[in-house]
Amino acid sequence: MLAPATALKVEQVAVSFGGLVALSDMNFTVGEGEIVSLIGPNGAGKTTAFNVMTGFLDPTHGAVSYRGTALNGLKPHQIADLGLIRTFQRTSVFPNDTVYDNLLIGLHRQGRVSLLEAILGLPRARSSQRRLRERASELVEWVGLERRAHDLAGSLSYGEQRLVGVALALAAEPSMLLLDEPVSGMNASETHTFVELIRNIRDRGVTILLVEHDMPMVMSVSDRIVVLNYGRIIAEGPPDEIRNNPAVIEAYLGQGAARA
Amino acid sequence: MRAAVAILTIVAFASVPLWLRDPYLMNALITTGIFIIGAMSLNLLLGFTGQLSLGHIAFFGIGAYVSALTSLGFDAGLPFGLRMVHEPWPPIVGFVLAIIIAGFCGYLVGLLSFRVRGAYFVIVTISFAEVVRLVALNWVELTQGPLALTNIPSIAIGLPGLGDLTLRTKLQNYYLVLSVAVIAYVLIWRLVHSHFGRAMRGLMENETLAVSVGIDVTKTLTLAAVISAGIAGAAGSLYAHYIRIIDPEVFAFINTVTMVIMVITGGKGSLAGPIVGGMIFGLLPVFLRPIMAPEAQWIAYGGVLIVILFVLPRGIVPSLAQRFTKRPSRTEAVTPVAPVTFSKRDVKEHA
Amino acid sequence: MSEFLQHMINMLVLGGTYALLGIGLTLIFGIMNVVNFTHGVLYTFGAYIMFIVVHQLGVNFFLALPLAVVAGWLLGAAIELVLLRPLRGSDIDTTMLVMIGAWIAMQSGALWIWGGVAKSVATPFPDAPLVIGPVSVSWLRLFVLAAAAMLIVVTYLMINRTKLGCAMRATFQDHDTASLMGVNVDMIYTSTFAIGSSLAAAAGALLGPVYVIFPQMGDLAAVKAFAIVILGGLGNITGAVIGGFILALAEELGAGYVSSGYRDAMGFLIIIAVLIFKPTGLFARSERVG
């Protein structure tokens, strides 16, 4: 069976903040259509790695490329234009807009018409607006928030806001989605819904990379898991392998806890 | 419903000259209208992109000077022994040039906004306006400095088949200003409701998130600055051809503050806010004149600005609109929302 | 050459007072993150206090100066308590706009009370300047330089050697940590604003007698203060001092060798240039108070 084509490639990425080495010599790939999780104890460098991969931080060394295009030096909105969309842990919504309007903003990449056409209300602009509105409605339904569609996003519960955040990311028509601790703060039932959502998204052809702490969730949803500790990758493989990997267990529970 | 209100308002304004006979009040209305156009343009930056540009009067004044100089002609020396000579052109051309050149200056300021944001942006824009004022004051050969540019011709419109109509009377100027104001309003309205308007909103509410869905910060802010400056330039041009005298005092910081007070009081981020705020602060001095000296009035205006910021921070129009809608429009976020730009804004506009 | 030396002397005198302006604002802007548009008004206020105290109350010139500083301190504290404290936690531009409102109101108040005609303050110094070789400097200006230098030193000592100064520096670095360590952040804010305002008032009190006093004199002073703060880096007192002298130098040389009309433009041009090319200021060490 052919290995999937490479979507995201991280090569020898290192990040130092002054004297502090946050990441050293990170190498891994994410294949098209895979769901890969990045895990590790607190301080392992997951957030730093995530920010490098999404263009919010320049690596001190190394390169990240997506489908062959180097990401180094690109601005975040340019990376978004490549189809690489990320979510945020906090502030995942535009708080003073309705859920529906949030998605309209998220559809920015889809709605491009020239300013003149928009101002004059020419047919192309109007049909574009119509399509956007339809798409926004679709997305609201898809994440199950129809009943809250016209409420201010800032008034939603934490879990609901994360759903809006994902819907926003989907609105941007990603080919790869990077999720930053998507289920943190969610209860078991919300997490379960979310896992279903992620699977659905992948079934539509979107590659997914997520950073997460919730072990059961990670184990149940991932094709592959990459484990970081002290800025280095210490293990990589399918959930079953990782579950029993002594280095991983040691990293999380400390020495002496590794079972035979 | 909203369209009906808008049309009624326009009709109401259009009918004013039919019953208002007092030329003094008429004059006040015209200059107020011009300042409202300026305030609307400031609102585009302040209310819809969240950038506090306190040099806005620079675009207004540049528009005024460009328009005046275009229609008066000039003969000024440049470094290296060059001379700039220009024959007078029709004022309507001056109007167009004012928009273009002011818009270009807006472009420059917009570029700057990428380098410096927040408080520093405010300071830079103030400095820009002051430098322009000092140039206008000191480059006497071009601008006549404090002696002012005088005898600026009125705008003349060529009507096909009917010849030229020179807009000299108050009545004519009133309708000219009203027309430009309506056009500016519609332009801004369509802009705000477009794809571009949503990008501005996204940037203002959560810049990091906006950028992650592909919104280009520099492009959006710069475009907003260009349009905002162009509209201000148009207002400046109208001013020059109506008052027919322009001196460097047009760049005084107090004029920017006037527009700021109009926008903040009326409600930034609302389309009707600058109009309401403009009417209040444009006409109040007229009615207060018999009883309060101008300085005393300004003490009051400063006080009003402070009180509004404390009591009705969103301004009059959004606060009133909130009373009349059933939807809860300003709710505190359930989870703490970390501000990702240098300020949070509530942009529920109902105009 | 003597002309150049003359410019240098003028620069020193001017630079000292500019430094006071800059230090005051960098403290406020740096520690409280408030864009203080009333700084210029405090400058004007200090000058008018001199006028009132010397001419209308008949107090000795040398006593009037500390009175002006104290008055500035009180006014600054009042502004902070009435306008800024209730807004604690608001957007930075809400406070900015409130400061603008206060500026307009106060400046108009000055215009209303004293009128627009410039006033001057009689000084006890001899009219004949002190002549040293090719340069001459008036006794008044020498006094101004000395007073400014003394105030700068006092401020420096206060920030670096007193408990209050230590608390201010801590608050500058991190409000939350400072308050957790027992610093009364509210009190620090009021003190900072009061101190910064008193320095502006001092600058006005010193320069008022040198030039003339009129209600709008603070406007230019405010912008120059911002230029100095931007030059020197937010919260950086040493930077503010150096920035003050750099601005004075630019003004003197610009006025002397380019054109006197554009003298005041120097401040603005510096702001624009620095913010475009080096937004963190000329002294890009980590920003700190002290």
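Order of writing sets the labels: A, B and C. Residues in every chain begin at 1.
Simple rule for what comes next: a residue touches a chain if its C-beta (ideal position, glycine included) is under 8 Å from a C-beta of that chain, and two chains touch if they have at least 3 such contacts.
All of these numbers come straight from a predicted model, not from anything done at the bench.
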Of the other chains, whose C-alpha centre is the longest way from the centre of chain A? C
Closest chain to the centre of mass proxy, which here is the mean CA position: B
Whole-Å distance, C-alpha centre of chain B to that of chain C, is 32
Computed distance of Cα centres, chain B from chain A, in Å: 42
Report, in whole Å, the distance between the mean C-alpha point of chain A and the mean C-alpha point of chain C. 50
Residue ranges of chain B touching at least 2 other chains are 344-345
What residues of chain B sit close enough to touch chain A in their complex? 187, 190-191, 194-196, 198-199, 201-202, 205-206, 208-217, 223, 327-329, 331-335, 337-338, 340, 344-348
Touching residues (chain side chain B, partner chain C) in the complex: 52, 54, 112, 115-116, 118-120, 122-124, 126-128, 130-131, 134, 137-138, 253-254, 257, 260-261, 264, 293, 295-306, 309-310, 313, 339, 342-345
Can you check the complex and tell me which residues of chain C touch chain B? 29, 33, 35, 83, 86-87, 91-94, 96-98, 100-109, 111-112, 219, 223, 226-227, 230, 259, 261-262, 264-265, 267-269, 271-272, 275-276, 279
Okay, in this complex, where on chain A does chain B touch? 54, 56, 75-77, 80-81, 85-86, 88, 90-97, 101, 104-106, 108-109, 111-113, 115, 118-121, 125, 128-129, 132, 150, 152, 154-158, 161, 168-169, 171-172
